[in-house]
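Please go over the structures that come below.
Okay, so subunit A shows up in both of these, paired with subunit B first and subunit C after.
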Partner chain A sequence: MAELRYVGKGLPRVDALEKVTGQAMYTLDLTLPNMLYGGLLRSPLPHARILSIDTGKAERLLGVKAVITGKDTPYTFGVSHMDQTPLQTEKVRYVGDAVAAVAAVDQDVLAEALSLIQVEYQELPAVFDPHEAMQEGAPLVHEDKPGNIASNPRYDIGDVEKAFREADYVFEDHFETQRVAHVCPEPHNNLAVWDASGKLTFYYCSQMPSVTRVQLSKAFNLPESRIRVVTNTVGGGFGSRATSKFPMDFAAIVLAKKSGRPVKIAYNRADEFIHSTFRHKFIMTVKTGINRDGTITGRHVTNICDNGAYSDYGPVVTNVGGALQGTLYKFMNYKYDGYCVYTNLPYGGAMRGIGNPQVHYACEAQLSMIAERIGLDPLELRLKNAVETGDETASGAILQSCGLKECLTQAAEKIGWKEKKANPEPNRGLGIACGVHFTGVRLSPGIDADFAGATITVNDDGSVNLATSCVEIGSGSSTVLSQICAEVLGIGLDKINIICGDTETCPMGWGSRASRNTAVGGMAVQKAAEDARTQILALASQKLEIHPDDLEIKEGVITAKGAPDRSLTVAEAVRFGRYRQGGTAVMAKAHWDAPSTLADPKTGRGNFSMAFSFGAKALEVEVDPATGRINVLGVAASQDLGKAVNPLAVKGQVEGGVHMGLGFAMYEQIMLDEQGRMKNPYLLDYRIPTVMDMPPVIPILVESQDPVGPFGAKGVGEMATIGMPEALIAAVAEATGLWITDLPITPEKVFLGLKAKKAAE
Partner chain B sequence: MKKMISLNINGESYQVAVENRRTLLEVLREDLKLTGTRVMCNQGDCGSCTVLLDGVAVNSCLVLASDAVGKQVETIEGVAQGGALHPIQEEFIAKGAIQCGFCTPAMVLTTKALLAANPDPTEEDIKQTVAGTLCRCTGYVRIIDAIKGAAARRKES
Partner chain C sequence: MKEFALYEPTSLKEACALLAQHGDQAKALAGGTDLLVGMKAGWLRPEVVVNLKKIDGLRDISFSERRGLSIGALVTWTQILEHPQVAEHYPALHQAAASMGSYQVRNLGTLAGNLCHASPAANGPVPLLIYEASCLIQGPRSKRTLDLSGLFAGPQKNALAPGELLSEIFLPVPPAGSKSLYLKFAQRKAMELATVAVGSLVQVKKDKFKLVRLALGAVGPVPFRAHKAEKVLLDQAASEEIMRRAAQVAMEESAPISDLRASAEYRRGLLEELTYRALRDCLA
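Up next, the complex of A and B:
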């Protein structure tokens, strides 16, 4: 391959200037003339029949411009299950379920109007525990869902019972994870406006604006051409903006219609915690068969996902939780039973890794426990079973690139695994864990597609407008896609104007989810850029009278190979094409659908992603036995990303992944009271790690050169956060002798565990 | 009851009619449309709304607008001068310290206040300063790099 000029370089972000000067406009910053402020009235009860709603007083309040209830929003929506309506008419299903909405001239009038709406409820028995919810006779959250089961995804590959019978050991352990929030810096908010012709413009910080448009079109029975969804700069997504699906969105749109004025609804931080979804709580049992030499023979995972009152991504999360555990190690007998169970609690959604981090935690934590029990080194045990390039895994993944072993050995080396294991110090411990995640995914039954789109227009002056279906949510996708475009076209990065987030100007695609922007989005850009390059060279060929194959483009100049005196700029070629009889413009477009397949509905097997990214986390802790305080001394985080298109940006992603994983492992927890009200909906009480909590991080990039992705690249964002709690549990166990199997691993749990241990001795 | 107050923001004088209870953050974002000052929690926990008040970094959500009268308010909009970025801003870009960008204005202003008070900060000083501002994307690693870079450049010049 020729020397790369843009790909592989740690170039500054293309959106850095607007962000560092404060000029970037987030949706939260947008206002329109005559705009109203909207808000929702929410249920104070976890499960209750609605007897009446009286909005009269609110409607008569000066400054109130529209009041709506469920009668005004007869829409059902959902991701896999259409089990939700924006405003409830019959019954409420959790504390916070929306029943009415108001648009008013300012926030003060809005708050007063909401307090004037009178709702009469008849309380119903509620269920808050997924185990209880599955019992016969339990209250039903949705009457048409017996046993409160939203979904029951299964994987059944090979013969796991036989694998257990033939194994030297079989271990079974239980694990629980907690609800953790995305904590997007920019709270969820929107702005809806209908023009005089009845066209809707919806400003919305979505990770997938073109999918949002499809959903709104279906719900409102409006042609897509009459809907424009615009996503401005996005203040973090992490999965929470992976569709438009919130009652607040329907409310803003209907209030805007009814009032004839633009309506904005913005969450405060407490709303954001409870009503923007969160990572589901999983209750897991892992059973593993293993031989004396460390060969894993088979594994069976049972998982109960506490769905909350509505499904949102719950069934998908429960499914993905099982999908990847047959793709990390070489065993070919794998079973997964997932239960996604409704309760009268706030509902979860997609969050960075979409179910995979929870199940990885359980399985990798158990593997470290097993290593201790049978006396093997946890690193060696993983290396012995690790999948490799060329493997077709139990899950059905065909690994065309796999840097798992290198991820493990490099992370171990950087943390000083061998030396420290050989010279253990009191109250210190080491932990290692590895993982796998997909790069784009084809797991939704009924949607056999995983594509991105790109369009390229080359302008009169040789500059380029590149429109992509990928949204820049902070990860750096706009920079990386611009680099790919510059590389393929042979023009400067400064010549590229990337456009994203507007359904009026950007192509359809599945947006920014599932770690897919660089690879899936990048392939669409690469294909479009190749087409544009061909068009440019055809024009240059006519002008220079040289065969296109003998031409090359560098820094916007087209030259004949071996005859640099015969040249033309890209701008000149474009102008040559434009300003003549039968003129043409250089325009190219591409959609690229990832070469993956839907899973076999019977076994769950399938090659469901274009590529699989691997990674490992190795970390060291020191525990204070007097207080239980855990000090993470350092983290080595390795990531097999195929090829680092922008090493600077991707190291930032890996470090940010460690931060979010550390929060999941030891700091963060949504705490609910006995009625399902959040007890800590503030950033002081729900603490994400501050800079003081961050250990030194060593990011390690493993370039396995995937043969499918652009320039060899695979996904990063989600794998980057996987592995922290599972490495931490092992490190804390080595330091204290305690295996803390319910997250988060807090000083309190360590302290109480050590106290109990001492008492038992 | 609204009353007229005069605020000096980024060297310019603004006359605004405000109710006593309105915060500086609300006046900046809502009345003056200086939206570069971000709002993440609006209760003093996150630091996103940091501005400089007579050179000191404060959470503008915890300052009444009327208490800023007679003081110099500096927001992110005032940091780049005459079309040229401040060296702190250049370092944030060069070191890859920006992702979603929501905390960036607060981080830049915090750094400016830190370096004015302490031109040669240790890593611990930097961490203590940044600790009041939350970032959900970067893990802070490159933010610390950028601040170190800005301190080094300040020393050189």
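Up next, the complex of A and C:
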């Protein structure tokens, strides 16, 4: 390959200055003249029939400009299941379900107005436990969903029963994960404006504005051309903004319409924890057949996902949780039974890894347990079973690039696996785990698409406006996409202006989710840039009278290969094209749909992603047995990303993934009381690790050069966070002899576990 | 946040008069790192806020070999952390300052505010109890001096009367040859309240405990001195066994609760171990 000038370079982020100087404009920063503050009235009961709602007093309060109830919001919405309405009319299904909304001149009036709305409820029996919810006779959260089952995704590949019969050992273990929050720096908020012509502008910090526009168009029966969705700078997403809308969004839009004024609804941190969704709690059983030599013969995973009161991404999360466990190891017998179960609790959503981190945790934790039970090295056991390039896996994935074994060996080497295993020290332990995640995905039946778009306009001076369907949500996508554009066009990075997050100027795409910006979004940029390059070279060729194939572009200058004296700038070529009779402009576009296929509806098999990213985490802990304190001494985190378009940015992603994974593994937990109210809705007792808690991290980039993605790149964002709890559980077990199978793994659990063990001895 | 009237008096007397006038409707404001958190969350809804920061003469921290350390009501944690004689003579207070919140919180928050907030888990009380600190209390009409232990009336409840302010804190010079330290067990390494905290001050002569002070935090409604445990050690030869026994007595003296941060059982276990370590490390 020709020498790369931009791709593969650790260049600083294109948005660094505006972010570090505080100039970046978030939706939360926006105020408009005459703007009102909106808010929702939420149910204090987990399950109740609504007998009456009296908004009279609130309406009469000075400063209140609009009050709405479910009568004003007759829309149903959802991600896979249309089971939600913005404001409830018949019954509420969890503590926090919205029943009315108010727009007022300031926050104080708003709070008072909300307190003046009187709702009469008749309490209904509620169900808080997914096991109980599945029993006959349990209260139904949605009357049309018997057994409270929202979905029941299954994978049934090969013959697991036979695999178990033929295995030397069969092990079955149980695992549970907790609800954890995205904790976006910018809480969810929006701002709705209707203009005099009836056009809606919705300022909305979203990961997928074009999908939001489609959904708003359907709900409000407006042409898409009459709706503009603008994200501004987005303060983090992690999947919480991949949900296209929330009750707060409908409320703001309807309140704005009713009051004739712009309406903003903004969550505080406490709202954010519960009402922006969170990672679902999974209750899992893993059964694995394995031979004495470590060959895994088959695996059966049963997973109960506590969906909460509404589905949102729950069924997708439950499905994805099963999708990838047949793609990590070579066994060809795989079964997954997922149950996504309604309860009268707050509802979860998509969160970085979308179900995959939970099931990886259970399966990889069990593999480490098995290694201990049958006396094999956990690293060797993984290497023996690891998939490789060229494999067609049990799940049906066709691996065109796979750096799994290298990820494992490098992570192990960097943590000092061999030496430390040979010389164990008291109270210390090592853990290793690996994983796989997709790069864009085609898993939703009925939507056979996984695409991104890009448009390029080259200006008179040779600079470039690049519009992408990918939203920069903090991951660095705008930088990476600009690098790809610069590389293909041969134009300096400083000449490229990237535009994102505005449906009026950006092409449509599936947004920033599923680890797809660099690869799927990057391919759209690459294709558009190739087109623009062809157009530029065609013009230059006319002017220089040299065949386009014999021309090249570097730093905005077009030269004849081997004859550098014959040259033209890109600016000159563009102007040559534009300023003449019958002229032309350099404008290019691309819509790129990833080459992947929907799964077979019977078995669940399919090559559902353009590429698969692998990774491993190896870590060492020291445990203080007398206090339970777990000190993570270091983490080696490897990531097979195909090609690092920007190594600096991607190392940041890997470190950020470790940070988030560490929170999931040992600090974070949404605690609910018996009615489903959050007990710790503030950052003191919902603990994300601070910078002081971060262990040293060694990021390892494994470049397996994928044949499909741009310059060989695959996704990183989600795989980067997978693997921490499963590596931690094994390390803590080695240090203490305790397998703590319910997350998070806290000092208190270690302490009490050791105490109980001592008492039993 | 609920609306409130803000007063910015320039003298202590004036501040006390305002606070006396508005009684329990009023709150004093120092760094605001406790008060504003409560007001924003709606737990605290004062009608009147009296800002102390316009009052001169409350920002001094000074040490003399004779009188010890004196800390004004507006002295921040950063000032304490950076004061060389605090590190030298009051290591437990220095450690408490170092493990307090974050840079930003230490720059804003005051020791006086920390004491008056009266959280059983706070960083300030435990080291101050082992240094036997006293407080100068300014009232609308008069001043009084109060032992620090008399300041705490319950979780988030201090013993000041309406109109009273803590104006200065005194720490006598620790007994010659004594060693002291502060151990805070918290789940994070920063931005965290103690799950359990122990302060110890030990003076050993001829291998015997001549003086022992132990203070415990987050294991009862108020931070307190573990007098029974101290007695176990007094005049005894220093040994692991006796320190373990004292630690057990300290545990028995405590009354931890189960809350979001930890179960009572875990707190008891932590307390016993931390007390032992606090004693052991003073001997090192």
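Convention: the second predicted complex is superposed on the first by the 761 of 761 C-alpha atoms of A that agree within 3 Å, B and C clash if a C-alpha of one lies under 4 Å from a C-alpha of the other, contacts with A are read in each partner's own complex, and residues count from 1 in each chain.
Heads up, the rule we're going with is that a contact is a pair of C-beta atoms (placed from the backbone, for glycine too) under 8 Å apart; a residue touches a chain by one contact, two chains touch by 3 or more.
Predicted model, so just to flag it, every value in this text is computed and none were measured.
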When both partners are placed on the shared chain, which of subunit B and subunit C touches more of subunit A: B
Touched partner set for A:Met671, first subunit B, second subunit C, both or neither: second
Partner chain(s) touched by A:Pro747 [first = subunit B, second = subunit C, both, neither]: second
Partner chain(s) touched by A:Tyr26 [first = subunit B, second = subunit C, both, neither]: first
Which of subunit B and subunit C A:Leu648 touches, first, second, both or neither: first
Touched partner set for A:Tyr682, first subunit B, second subunit C, both or neither: both
First (subunit B), second (subunit C), both or neither touched by A:Val697: first
Set intersection of subunit A contacts, subunit C complex versus subunit B complex: 682-684, 690-692
Interfacial residue positions of subunit C with respect to subunit A in the complex: 2-3, 41, 102, 185, 187-193, 260-263, 265-266, 269-270, 273-274
Contacting residues of subunit A [partner subunit C, same complex]: 108, 270, 626-629, 667, 671, 679-680, 682-685, 687, 689-693, 746-748, 751-752, 755
Of all residues in subunit B, those that touch subunit A in their complex: 29, 33, 35-43, 45-46, 48, 75-77, 79-80, 85, 89, 92-94, 96-105, 108, 127-128, 130-131, 134-144
Subunit B-touching residues of subunit A, taken from the complex the two chains share: 10, 12-13, 15-26, 28-29, 31, 182-187, 233-236, 238, 268-269, 473-476, 648-649, 651-653, 655-660, 682-684, 688, 690-692, 694, 697
